[in-house]
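Each of the next two complexes has chain A plus one other chain: chain B in the first, chain C in the second.
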Partner chain A sequence: MWGLLDFYRSAMKQSMLTQFQYRAANYFYMIGMIAEPIIYLSVWSVVATAQGGTVAGYDAGAFAAYYIVWTLVRNMNIVFTPYGWEERIRSGELSGLLLRPLHPLHYDIAFFAGWKVVVIVLWLPIAAILAWLFQPVLAPTWLEVAVFAVAIWGAFLIRMMFLWLLGLISFWTTRVAAIYELFFSVELFLSGRIAPLALFPDWVQALADWFPFRWTFGFPIEALIGQLSPMALITGLAIQACWILVGLGLVMIVWQRALRRYTAVGN
Partner chain B sequence: MSLQTDQPVVVVNNLSKTYEVPERDAGLLAALRSLVHRRVRSIHAVAGVSFTIQAGEIVGFLGPNGAGKTTTLKMLTGLLHPTGGEARVLGYLPARREPAFLRQITLVMGNRNQLQWDLPALDSFELIRAIYRLPIAGFRSTRDELIELLEVGDLVKKPVRNLSLGERMKMEIIGALLHRPKVLFLDEPTLGLDVTMQRRIRAFIAEYNRRTGATVMLTSHYMADVEALCRRVIVIHHGRVLFDGQLSGLVEQFAAYRTLVVTLAEHGIDLAAFGEVIARDGLRYTLRIPKAAAPLITARLLAEAPVVDLVVEEPPIDDVIEQVFAVEAA
Partner chain C sequence: MELARLVVVFARVGILNELQYRVNFFFQILESAIALLTALISLALVFRHTTMLAGWQPAELLVVMGIYGLMSGIVQAVIQPNMVRLARDVFDGRLDYILTKPVDAQLLISIREWQVWRFTNVGLGLLVAGVGMIWGQIGFDVWQALLFVGMLLCGILALYSFWLILTSTSFIIVQIENLINLFEGLFAAGRWPVSIYPGWLRVLLTFVVPVAFAVTVPAEALTARLTGATLVLAVGVSVGLFVIARLCWRWGLSRYSGASA
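Let's look at the complex of A and B:
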């Protein structure tokens, strides 16, 4: 166990060193990502005003809070993309990873976790500027802050597992972009990315409970902006833990089968 | 499972690997036909290879492109699952990829990239230490020893992206050996390097083998690598072993000719009667003669021509290997 912690410490440190070298690029990337929530925020603020000030319990201040926290959660959701698997296989990088006495999943988790630390540091000034511009209404309790702090990492792990799983399809076929797009479309609607799930019909909200998506996106945001009861906060973390375990189990099963198909082409 | 002390380090028994490759003719019609009737061809990359390697041996694994060398190495390191037969390395089945097995082997490939491009190699070495769970004191001692052996002390603090190909290769080799593997699989370790760098890496491999007693299996298209390092070679072609024995035995078995380098005292002597003249430089001639007739022709030359100097040479190892493959093709 100590050895694994030592690995995570070293790999995260290396990742942080690398990402700080590219701090300007990281910043521009994050700033570029702000356009999407600003559009959503503007649209929903207009809708709220037109409907007398609120939509499904969200007023302009609540929408501002939702979409500002959204910017951090969106960044926490960025993990090793399934599109990267084809290149990883073709270039021989995977062979290098397989020669190590450590599951490559550990390497990806540690590398992206280190990157997230950099992202959080870089996000703070962006959040301050957005808060000054859009005046969010946000008064979280200590419990909500604590649950949020855990939930963003839970979200990161769930998405890491499921995108890894998706990427493993590359061992069977290289033409998998259509499957990825279908996954991302469903995720867009059922995660709370496009709008808070409270704005969707009841059946969509009920459906979202049975997929991992809302636990990677909507749940951490709602946890911080005061939309959930203490019981819902704790239950949410438990459900996140379950999805991490489900994802991990599926990755382990599919990984063993995928390796038997690995042809280690090139090098 | 671990290895008993008196057992060979590598045991390969009737090992084979077959790839199923989809294929179709060119053109739209063939493309449409392939939608309903998928044609698959079996490629036997390795077809029943058997050999053993003892602890401490350096063995050259030779063959032309596509012979099955790299596929065999990938099966021995656990990257590929064999289609048939069995391979054991240090008593382990490589395909199981047990961490205890992976901690004792290494594979150096031409484009293996375990170094972070933007950071100095020292940072990557630190990560490798954590991956292999190496004790810090032992790791530092090995790292410094390898840095000294490869003479890269002034390079390890530079970002890897600023290093030349040869310098990066040296760093990759250090990274691959930090855990002091007992078995080294080296796939073209000097590929693309200049002659000086090739020589240094060769000397380093020999020294590493001498210091640690590690077993080395090496593929290379540079015969200088093989001649400098390997007493034993395994020649593979079309997935089958053609020869397994001493390098000198390979020359003996497959070299059908000898080379005579003759220096004469005067011009105007026709040496074509003694053998095929393959080069001439002033009074210095190089002749190719049948191996069996070498003693007779040498005696005739000394008796009939004004010879100042005469040397009988083995043909270059490259030519011998070419001869091996030519025999197989015939």
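Let's look at the complex of A and C:
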């Protein structure tokens, strides 16, 4: 157990140092990503103004807060891409990963977790500029801040598990792009990424309860912008923990079967 | 004339090459259908809460969305693949092969790749725009149709020039993945008319990233919104961007040193 913690500490430190060297590349990437929330924010601000100020309880300031927090949550959401599995399998890189003493999942989690620390630091100035441009209304309590700080890591782990699971499909077929795109489309709507879930019809919100997506995106944001009762905040963290375990269980089961299909020559 | 013949030859070879992989066509249709459905659902979500968006009705926004699909189809089929290949060639020195040929190098690097299945999005975009026109009962005459085609060509020229300017940076830094990411992020703003964005962003989307001229202006031409001033501006900015792109390309080339490929 302590050995594992030691591994995580070293691996995260290593990836932090590596990623901090690529500050410019990281910034370039983050700026490209910022266009998306600004588009949503602009659309909903226009709608809110046309409807006399608010839509489903959100006014321009609340939308601004939602989408600025969105930028951090989105960055926490970036994990090993399912498209990367094809390369790992085809190039035989996986053979090397399998020879290591720990499960490859540990290496991915540690690498991305370390990177996240750099991302959070780099994000702060971006958030300041966005806040100056869009004037968000945000007054979180200490409990909300604390829950948010935990929930973004919960979101990271849930998405890590489910995208890993999705990527494992590559062991069976290389025609994966359509499946992945479908997954990302469903996620776009049911997670609260394109718009707060409150803007959707009731049946969509009910549907979203059955998927892990809202706990990777909408929940952390809503926690910080002050829409949830203390009870809902704590329950939310518990549900996140459940989804992490469900995801982990599924990854373990599918991983066993996937490995049986893996063959490699050389490397 | 010689130039046109070259373009046709390259396009023919590129298309024949891609036609070998016919199954790709079905997967492309599947992906395009998912993307279209996603776009339609987001439109429906917006109009669940309002009847007009910055003066545009739902049917008119469908036209905007269709033209966005058409333009991104052209970018993905021809412009982007060529630029990505250019950046790779600069990196590994294979640009040498282009420079030794007797034709203008800028032309050659712009017509080498034709990802023909991506044109699915062009067809689908036209279909969506057409449905929007019929649904909104938006009539148009020959003059407007000509104007629309003219504005489309200006838009394509502007997008091409913008991509070439971006790619010319690969003569000093290798960042092609980030360039694609940056372009796609910014270009997605074209799904909506630029008039919904705050002032500073509108200026950016008009004069720096030519989203306005690539999508909104052709849509304005179709929905009888185009003013004479916008028309002149569209032509001016497109040609201006092309000149800048040409200068950037020449500047980039002057820094290029072959790698004995």
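By our rule, the second predicted complex is superposed on the first by the 265 of 267 C-alpha atoms of A that agree within 3 Å, B and C clash if a C-alpha of one lies under 4 Å from a C-alpha of the other, contacts with A are read in each partner's own complex, and residues count from 1 in each chain.
In the analysis below, a residue touches a chain if its C-beta (ideal position, glycine included) is under 8 Å from a C-beta of that chain, and two chains touch if they have at least 3 such contacts.
Fair warning: this is a prediction, and the values are worked out from it, not measured in the lab.
Peer 1: Can A:188 be said to touch chain B (first), chain C (second), both, or neither?
Peer 2: Touch partner of A:188: chain C, not chain B.
Peer 1: Check the residue A:28 against both partner chains and state whether it touches chain B (first), chain C (second), both, or neither.
Peer 2: second
Peer 1: Between chain B and chain C, whom does A:234 touch in the aligned arrangement: first, second, both, or neither?
Peer 2: neither
Peer 1: Which partner does A:38 contact after superposing on A: first (chain B), second (chain C), both, neither?
Peer 2: Touch partner of A:38: chain C, not chain B.
Peer 1: With the two structures laid over each other on chain A, which partner does A:46 touch: chain B (first), chain C (second), both, or neither?
Peer 2: The second partner, chain C, only.
Peer 1: First (chain B), second (chain C), both or neither: which does A:143 touch?
Peer 2: neither
Peer 1: I'd like to know which partner A:9 touches here: chain B for first, chain C for second, both or neither.
Peer 2: first
Peer 1: Touching chain B in one complex and chain C in the other: list those residues of chain A.
Peer 2: none
Peer 1: Would you tell me which residues of chain B are touching chain A in their complex?
Peer 2: Going by the criterion above, the answer is residues 19, 70, 74, 77-81, 97, 99-100, 102-103, 105-107, 109-114, 116, 118-119, 123-124, 126-127, 129-133, 187.
Peer 1: Mind listing the chain A positions that touch chain B in their complex?
Peer 2: Going through chain A, the ones touching chain B are 3, 6-7, 9-11, 14, 17-18, 21-22, 91-93, 95-96, 98-102, 259-260, 262-264, 266-267.
Peer 1: Where on chain A does chain C make contact in their complex?
Peer 2: Of all residues in chain A, those touching chain C are 25, 28-29, 31-36, 38-39, 42-43, 46-47, 50-51, 55-56, 133, 175, 177-178, 181-182, 185, 188-189, 194-195, 199-201.
Peer 1: Which part of chain C faces chain A closely enough to touch in the complex?
Peer 2: Those residues of chain C that touch chain A are 27, 30-31, 34-35, 37-38, 41-42, 45-46, 48-50, 52-54, 175, 178, 181-182, 184-186, 188-189, 191-192, 196-198, 200-201.
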